[in-house]
């Protein structure tokens, strides 16, 4: 494995940076050469299957505690010190619960749905670079792979909702699928700007393209006008894609009980829960890869900290942001959701593509230099900001509600 | 050896999905087994080294077409199991005979056909080269596909749009018979 | 594996798709059959791309990609038509679609 | 501008989040089993039976009139009337319940039994930690579990209990005044009779009981 060129650091920091890769190689070398790639692959898979569910367990308790703090409560604090063992209690509870399959349910599809969902979401981690040289399956079209896998989770959600033979489940599934299809378009289009600028679909190449520093600041895409707009659109679409608040209509408790997993209990319910959080983490991971420099350090003087630490630090920040939004925003209505997807997100992401292209060619025409750079920056930011304000005003105008009139009272 | 095992697994998956789609009575089950076929085909493409096509297959067929089929089934109230006589059209024996005959002829012809086969490795085509080809020599087909997809999008929306009630349609309004009065 | 094996799989898939399209009464299932036939053709294209003596390495693959795009368009319009017909006649049964008018 | 409200909301929750670590006063919840909020005086959940004196079963005010049983909307009260009678707080002989069960898992805490009771015998309790593993043994409270002293009633609802006591005393006084008047009339009559018959037993008895009740009232 070749380390990135231009990455200079002392011996022990590079060892620490590559510690997991080195361990993988050492363990694989214990086996005969024929088996070595397989052993390395299995070790990588085991790593992912161990680490991300562990983060999921931690996230559930941290989310509940964080939400509690945002609502001036303490949150769970009974199981273990500061309630940190709550996931254990939850796991034991969900494993010992009775596994209920409704009598009229389609048993096979009902069983397959959570399995397919979790498998598909785990597959999405295969091409996610979680550190320097730390990607399970370095394929050329990694981002396409992720979106393809993400698209196939919709089917398992439909399977869950349809096979339960429950109107709430079916409605929840239909809402979820409609929402995911609608927001997949802006999600893909907002990711395309990063792909365009890198000229590659490979996550590693995208991270590498964001490497390097000017002064102390990194070359992350989020620091450009199109990158920032793309990142914001990606975050909103990711929230909708993972059914997180404020886009959690598919599981709106007040009207749909629990949406598509109403009829699931015990371990299968836990699988859905796991799938939801793993999906959130993987989409956050790709957002980090595409716009936030992946495993790169945010300042040049902090580059000695291992790359995987940066990745997981950013991942935790992203998860915290998701929790923060959940603690803040109320749920949208279905018509608001669709309006927002097709009348705001889609035009904005299309415009963003145009701006990214313009950025590229303006850079060639204007040449280098601080003045040219500033003009390019301001022009792109002005186009995006102006459109944002105009489209936003149009969105808000539609929402204005007149004084309520009564037909019989008064 | 390994490759043969993979090929056999994927081929069996593909064909089993297609057979299930042909025989199952519940339309949603048919659609789901169709998805299995699509997934098997994607795996076959991947095993052939056509990474980009395989992933596109997953994105378009599993992510979009299968969902579309499922939505269409639910919108047309077809999610229940059909009675046996509703399953196949009246001439199903002839239909299957024709299909099996076509399959038999194709397989027999292919088995002995002398194709010039290169035994080398899969041609390496990076995503970048695909992009350059699409923007270079294949720009015109790309544009045409773009136009086609736009037309299909608009056409599908218009076709599936709720029809106006007859009274609001100016053409049909004049052809409406006079209202029969005196109904009590 | 040899080219012939892939081609035989594609031929069997095509025959199955043809069988579905010819025999099933539900319009959506007929569309599914047509999709299967298109996919069988795609498998042929990719198999020839992989094993053929390729002067131009890109063409087979791009042809398959365009074919996928066209199939997607076909599916969306076809299903839109089925839904429109269902709204009109409350059935998706092809044997009952006997009226030319409307 | 679109998104302004989102930013304001995010700032608010961030303030809450950070503030909850800084000041304990922001936290609106209490750590329940260890900390408890003081109960307000009108707290009430399930009914109990009041008794006077020391012996719970003897001092029950309930006369087994079964009005509460009939009025109870979810029908969670089960009463069996006694065959014999025993004197109540005014000394009048009354029936008493040999069985008085309340199924608190059915009870909806509507307090109608309290409102309809003519004898101030059933009142609302404040005890809420009733959870148990035994549905029928633990949640159907019999008369032994339900009986609680008047002192306890004073403890949990002082104002209301004082009102009830005053009302009962007034009633008792009225009854006694009536009894006294009756006794006096009887005494006068008895005296007249005694004069005639020469037996003063009845007079002495009536006078004695009147004195005793006057003492009790004081």
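Which chain is which? They are A, B, C and D, in the order written, and residues in each are numbered from 1.
Following the convention adopted for this analysis, contacts are C-beta pairs under 8 Å (C-beta built on N, C-alpha and C of every residue); 3 or more make two chains touch, one makes a residue touch a chain.
The structure presented is a predicted model; accordingly, all values stated were derived computationally and were not measured.
Taking A-D and B-C together, the chain pair joined by more C-beta contacts is B-C. Nearest to the overall CA centre, using the mean of each chain's CA atoms, is chain A. Measuring from the averaged C-alpha position of subunit B to that of subunit D gives a distance of 76 Å. Averaged Cα coordinates give subunit A a centre that lies 60 Å from the centre of subunit D. One simple way to say how far apart two chains are is to compare their mean CA positions; for subunit B and subunit C this gives 5 Å. Here the spacing of subunit C and subunit D, counted between their Cα centres, is 80 Å. Residue positions 52, 56, 64, 71 of subunit B are each in touch with at least two other chains. Not a single residue in subunit D touches at least two other chains.
Viewed as a network of touching protein chains, the structure reduces to a simple linear path.
Applying the touch criterion to all chain pairs gives A-B, A-D, B-C. Residue ranges of subunit B in contact with subunit A, taken from their complex: 28-29, 32, 35, 51-52, 55-56, 58-59, 62-64, 66-67, 70-71, 74, 79, 126-128. Subunit D meets subunit A in the complex at residues 1-3, 6, 9-10, 12-14, 16-17, 19-21, 26-29, 31. Within the complex formed with subunit B, the subunit C residues making contact are 1-9, 11-20, 22-26, 28-29, 31-32, 35-36, 39, 42-43, 46-47, 49-54, 57-58, 61-62, 64-66, 68-77, 79-84, 86-88, 92-95.
Contact residues on subunit B toward subunit C in their complex (touch as defined above): 3-4, 7, 11, 14-15, 18-19, 21-22, 27, 30-31, 34, 37-38, 41, 44-45, 48-50, 52-53, 56-57, 60-61, 64-65, 68-69, 71-73, 75-76, 78, 82, 86-92, 94-96, 98-100, 102-104, 106-107, 110-111, 113, 115-118, 122-123, 125, 129-130, 133-134, 138, 141, 145, 148-149, 151-153, 155-157, 159-160, 162-163. In the complex of the two chains, the subunit A residues touching subunit D come out as 66, 69-74, 324-325, 327-329, 344, 388-389, 391-393, 395-396.
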